[in-house]
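Once you scroll down, you'll see the structures, which are given as structure tokens.
Shared chain: chain A. Partners: chain B in the first complex, chain C in the second.
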Partner chain A sequence: MPNIDRRDFIKLVGAGGVGVGAGVVLRESIKHPREHLIPHVLAPEDYSSGVATWYNSVCSMCSAGCGISVRTREGRAKKIEGNPSHAVNQGGLCAVGQAGLQVLYNPDRVTGPLLQAAGRGSNDFTQITWDDGLTRVASRLDVLRAAGRGNRVAVLTRGTSGHLAELLEAFGQGLGTDRLLHYDYDHPHALHVANQRFFGEQQLPYYDLANTRHLLSFGADYLAGWLSPVHHSLGFAQSRHGGDHRGHFVQIEPRMSPSGAAADEWIPARPGTEGILALGLAHHIVASGHYEGDDVDAWQEVLSAYTLARVAQETDVSESTLRQLAESFANTRPSLAIGGDGAANNSNGVDTLVAINALNYLAGNVGEMGGVIFNPDPGGATSHSRQANYQTLAQLAESARSGEIDVLILNDANPVFTMPVASGFKAALEQIPFIVSLSSFIDETSALADVVLPSHTYLESWGDAFPEQGVGFSIGAVSQPVVAPLYDTKATGDIVLDLARRVGKPMPWNSTEECIKDGWNKIYQESDSNTKTESFESFWTALLKAGVWGKKNHRMTETSRPNANTIASIGVDAPTFSGDAEVYPFVLQPYLSTMHDGRAANLPWIQELPDAMTSVVYGSWVEMNPKTAKDLGLTEGDLVDVESPEGAVRAPILVYPAIRPDVIAMPIGQGHTNYGRYASNRGTNPLEILSPVVDENSGNVASNATRVKIVATGKHVEIVKTSGKSRDLGRDIVQTTGGDDHTAQTNSIPITVIPT
Partner chain B sequence: MNVSIQPALKSLRTAALIALVAVVGVFMGYFIDFLITDNPEVSAPEQPIAFSHKIHAGDNEIPCQYCHTEARRSPSAGVPSVNKCMGCHNEVATDSPLIRQVSEYWENKEPIPWVKVHDLPDFVHFTHKRHVQAGIACQTCHGPVETMDKIAVHSRDNDGPTLMASTTGEITNSETSEVGATQNDHWEMGLCLNCHKQHDVVDGKAVRVDDGGFDNGLDCWTCHK
Partner chain C sequence: MSFLDRITEGWRKNRKPGYYEEFDYHWAMTIDLDQCSGCGACVTACQAENNLPIVGEDAFTKGREIKWLRLEHYWEGEYPDVKLNVIPMMCQHCDSAPCETVCPVSATYHNQDGLNTQIYNRCIGTRSCAVYCPYEVRYFNYNDHAWESPLDQQLNPDVSVREKGVMEKCTFCIQRIRQAKDNAKDDGRRRVRDGEVQPACVQTCPTKAMVFGDRNDPKSQVSQSLNDPRAYKVLDELNTHSSVVYLKKVEAEG
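Up next is the complex of A and B:
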């Protein structure tokens, strides 16, 4: 036992004390922290804590109008699924629809009214009160309206359908302005015009993919973006696997889209010649006697120029392929031809789509199951009549430049991002003295706003949708709030109603909900007395529960016959492109990516979702045929400038085998400069460098009509993608050979070597 | 020549002793804290309002699920809203100082921040719904709540009976069951497993089985999911 003196004793006592204290602290610190049970003050009726409540609503991420079921717990939205009862998506939902939660919870949302006093685009916003914000807007509107100069107010909204569109319409009337524009970049203007010309109907028909046995798609990427991709995917699956037959799918497009990859045949016709190809097929169908209508002479005459030999030469598709296509299209019953996206976005877009309509007519697909079926009146307003095409926006810009517009009201539309820089649209908007934005996010267009009065997201507000491309019968659904508003925002409709009250033109509703209910009351009153419920309230409750409403009113039997003038007007000119083919050897095809027209780029889930064809994440790329890349000495990851007559964008090369050597493709959606932390300064926006080539018939920009050249920068980046290398790095795991080699050295080269 | 390191260590002896005392102290401190805070008499936390389960569930025989309404429908039993308290206390015992505290919360439209006593770690998925619907009485796990003025985790003696709730809500000792919980008086996995090993579900009710061979929900992911 060592001698312990007084000093050591004190040291020991101290050490012991500190040790015990440390032990207590240690245990306290690793213990589960004390939690609280916070009850409600007043318990809401419609949920139990710990139990999920599902609400049916409508997806607003694109214009397809799919029904959604949102799982909520304790008043928080947790998951979005497709509504199984909704005829459009039947329980399915695309990636963008699933990512709708990240719209709601996005950290870049505008959380309250803002004032941008420091100057447009400064992003220096100060918080203001709703009353202040509304007063600032209303005072300007009031002065203009009182002076009878309401037309100096312009409203530019994202495509809005249903009763909210009618509310906006009433607002415009109250102010006395007809400058009420809906704008979606991908609105199928050409398709509407083509259907008007051939069928005499502006409204989109229903394309019955589910029952068709032979689909001919001219550029329409129906599985990934065209009109109603979820519904088309269901139809595709049904036609392929659903019955006793297997549908045959053909895709005609210069760059393979997901629909092209899923097709049985992919035919890379020359860009812009899809309509000529369609008329070639029509020529063969008529010439070979498949069409037996009494106007066959008129058809023969108008199609006489489109001989297979000429068409083969113009489209770069062999005569035998064309003949085979025409035969199988005419002989397989029912068959269906659709056209859109790449085929519609050329200088001859409308003519092309008219040619495709003619092809359907001649093959006898109009008004037939598995063909083109006309939709009945959808029952609620669709946005088409107000949809702005390129020319309308150019006119708006012109009016702004000449000082004819004093106030611009923006609502979730982002034309500054999707309009070509050459249009000068942004500079024109800056001429408008006062801009107010009702958007939920600051985007490139809202950045120009002086005042931001933020709207609820679609998961927090009332609305309804009547999908225009339909399902062959009337269908609609109500969008109801599934959560209480997260921030100090208001419903778009409520803001508009408030403004209308303040300018002395009150509308007959106190809230958006009332307006929607009022609209549905009319539908209820008109409904069939056999199926009518006791009262509107019970109808309304049932409607909200089911999340969908429909009416048995097919128009199957109707067939629309084109008159002699229509037939005589059919014809497709060769496409025109901007830029000299000598200087700009490639045609640029910007295509809609998972980010849609760029609106989904601020959702991290969509950013990290690999592209369906290339598996690239988080960025932009330039798709190029391996042969072209070899000629230019480029490999994957080489940074290049894609130069058009209007400007240049920079992105890395991605060698993509399924594209014509004379075509370059780039995804749309990235390249935001001011759209929150996830989207900004990532990738490039190919729409910037488009030449303003306009399809005269639709008035819309021909986005596939710009020629470009590729200028190597000498820099190299690594493209982030999930699929790894497409080659076996010289290991000869699978030996392949090209068709040419195979025919050159007949019957001696095995396709695959199996080691013995 | 012998070289010893002992003289060199001698000077370190005191330092080593101090270190030893400190280490022992850490263990003691840890254990003391364990003894004190895990004793329900001591660890039962002060609640913002001294609510007595004895008065409500014991003396006045209010059924548990009158207030904990979610227990049969939801994983969590649910804490009554302030509105629910006021439903009775608008009339009952309005002069009591404790009830005035409740009214104050109600008038200010503020929730009462009750302190959670029965807490499972986040990696355990327990659902009240299944157990309540199988007829297991609340007291089986929560102890004789109706006798507690201040709610505490119940320390159980060995081999307590499993309590079953009859259809009338009356609590009885399970006729088929003599062995209930466990030697483990803490809320740990053994408490769950013992009961799961000894009970089967017949017609939606938990029934004691004697062969002990039934693996009723013994998969890891029954609870850890």
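Up next is the complex of A and C:
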């Protein structure tokens, strides 16, 4: 330890406020005393040593758009919590939302503009200046635009909503390209198509879990990964213990998800037969006279083939279970059926979701509290209209291969990771002469970039979000920077604005903040007297402080009745799978894990968060039914190759008690080759080996439609997991009680009531 | 009275039922297992709030992870009639805590709020408390842990970072309790309001399955929750008088 006299010591301790905590500061200051001993002569506003400052903002880890309150101390973000005033999450937040801090403070962030001169994939980046980087990009864009060949520029961004989406839109128009694609692996394409077809609705409806008393979930892991998990969790809790009646939850899926574990009944139907099952229930509801509409004859006709006997045969669910399901679904008021990834990602996905819509309609759940409620306009741009499905990306790849694209601008989208290898997507991107990435991390897609112009993380930049799934009324919130930028990065919007200026197509704003503010000014001008304050500035301050904006615009639903053509078009074919069942005996179900679509794999807290079902950390695994494992002579930790017609991935077996014997499940998220020290070279990515089976109706890949075989390698590894004994062994640790002695709750939670 | 007698006397006293009623607070938590979805948000929230280290994969293989709050998974039955029961498990803040009696240096003791607290700089790392704890919720620092820069900028300045050789565990977010008490004092109130303190896990819970509060206040949400007919304590037969009470999972017929 260097010599240090008393006066220095007092100075050091006095400087405690600028550091992370006195202990750390002391050690750090001794190393670099000058850096820490300069006090703020004029402290920034909102900065007060030892006092926490909270900022409301929006979580950007997925598209649910939860409101967050970020606690900062001395200009550093310390903790993210749910914003209690935000109707989507009401104070709650999921693990990935909590871990957003590690996006901001990730050691693998790109700290400034980079040039990959040594060739793509070399990972040999040299630092360049912003001006150099922007000039390199702008010069190419300018030449193309001036020549009227702006369409040779493609923009591929992570799903972006609100005014930033409009800014990107304007940028694309300025360049003269319509190749502006948003991409999220888990975007519910099939659900949009199905709702359009059955209800004629462009926007996702609100699924009112809070008020339902009977939920039938067809492969929707609504508590962990589907649409808006935190909002669904609130609804689930409200339905179970918010009123006099405990809601009944049924989960139909071949592999038990966290939502399946929380449900009262778990029904492992054959994969891909969810729609047939739904029509079987619909058949019973109509046949038993529950449905009394005047088009009952049309329904009877279209459903006549789906007798319980046939459906039982095809779905591997007993006739008595089906009958009882149909009756409790029809007789419990209100009830609700939802269809998620497990049902949608099949070759018959859209038909399946249409069948589920029909089931809701026949049971009388449409436009009812506790059922399917249509949302009004979300109040701002959503990303759906630009979302790229598998076919769109395949077209992009085709254009790239045929040399129609000269420049690709990437923004935080990582399709190279989530597209099946069989699509040839990566090789196609490599054909594009110039790729620039605005991502904060070098992921698999950004590794192909020639120039990286790193953007701020969401905790450092302006933005806004209007959750599409809504809460029954329009809701939005502004995302504001909670800390000063850590590195030499720029906001995505600012980079785009700068590029637009450089190519001679300046937009009317100088910064993203201006653009967002301008957009909200329009919302303010159009709002009614309830929202109006003395000026826009005071509205803006109030908006940022509250961290949420809502509009009392509950939409009265005239129950849209499906017409005769719609009814006649209902029907679900048996699912098709790639690969010969003789050779490839198992259906592979890759599912969204805590790592989401892989974007959270670089966050050490998420790597160290034991999986919700298996408690595995830091790796991949292959879930297999105990009986299947026994038949194949496999036990936990046996390393196997999971082989599809397209390729193989290697991972250890995990004997999983709640999966069909003919199904193999693997979590999505691991298996990164890039993406930083915590994610790379860890586990495997099951999406690699998917066959490009496409649901023609949605244009998206049917990720549950690939057959695989299991080839033992003879090797054994230890699966790293935290659980000890997987059985209770009579210790009665988790106690249960029958439904009867359950009384009305004291434990109710406040949740949004749909204004009527 | 010898030193040992005085300590023994102290223990006896706080084991009397109602001992904490003399004081301002008796903190308790209830967790409704019928609402818990096992999502793990609480685990990460705890890690963020309390400066829990990122231990690395090797530590997990040796069972040396540090998670003040963890989810335990218990499977029941066989396919297809199989169920997964999940239970969040953290320090139960037992009023008769086996860990407290065994510590040779009294590094762990009960405070007047009914909290089982750990004094890091008194702990000499015998690990006896971890052996005595029937809930296995005490975690030992086998190593010094590093936060790779700039992850260290996230560290919560209100919570000390523990070093090698020290035992640690859930504190019910004592720093938040202290803050709330300070706020109450500044406002000229004698007591903290119900709901004013929420440990990080309770705050983030997406299903609001966890309730935290003062058991001495009969009107508090937690007191009401404690009266729920579904309330039970894990391993209650050991007479640990834990402060964490679970509400039974409901098994619906059909």
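FYI, the second predicted complex is superposed on the first by the 683 of 756 C-alpha atoms of A that agree within 3 Å, B and C clash if a C-alpha of one lies under 4 Å from a C-alpha of the other, contacts with A are read in each partner's own complex, and residues count from 1 in each chain.
The criterion applied here is as follows: contacts are C-beta pairs under 8 Å (C-beta built on N, C-alpha and C of every residue); 3 or more make two chains touch, one makes a residue touch a chain.
Everything numeric here is computed off the predicted structure, so don't read it as measured data.
Student: Given the superposition on chain A, which partner contacts more residues in chain A: chain B or chain C?
Tutor: Here the partner covering more residues of chain A is C.
Student: Given the touch rule stated above, what does A:R76 touch, chain B (first), chain C (second), both, or neither?
Tutor: The answer is second: A:R76 touches chain C but not chain B.
Student: Please indicate which partner A:K627 is in contact with in the superposed arrangement: first for chain B, second for chain C, both, or neither.
Tutor: second
Student: Which partner does A:V51 reach: the first (chain B), the second (chain C), both, or neither?
Tutor: first
Student: When the two structures are overlaid on chain A, which partner does A:Y105 contact: first (chain B), second (chain C), both, or neither?
Tutor: So A:Y105 only meets chain C here.
Student: Across the two complexes, find the residues of chain A that touch chain B and also touch chain C.
Tutor: 20-24
Student: Report the residues of chain A in contact with chain C in the complex, numbered from low to high.
Tutor: For chain A paired with chain C, touching residues are 20-24, 73-74, 76-82, 89, 91-99, 101-102, 104-107, 223-224, 229-230, 233-234, 236-237, 240-241, 246, 248, 256, 258-259, 261-262, 264-266, 268, 324, 328, 486, 594, 604-606, 608-610, 612-615, 617-619, 625-627, 657-659, 661, 677, 718, 720-723, 725-728, 731, 733-739, 741-743, 745-747, 749.
Student: Quick one: in the complex, what on chain A touches chain B?
Tutor: 2, 4, 8, 11-12, 15-28, 31-32, 34-43, 48-51
Student: Can you name the residues of chain B that touch chain A in the complex?
Tutor: It is residues 13-14, 17-19, 21-34, 37, 45, 69-70, 73-76, 78-84, 105-106, 109-116, 119, 121 of chain B that touch chain A.
Student: Show which residues of chain C lie in contact with chain A when the two form their complex.
Tutor: Touch residues, chain C against chain A: 30, 32-41, 43-45, 47-49, 54-55, 57, 60-61, 65, 67, 70-80, 82-87, 148-157, 160-161, 200, 203-209, 211, 221, 224-225, 227-230, 232, 234-235, 246-254.
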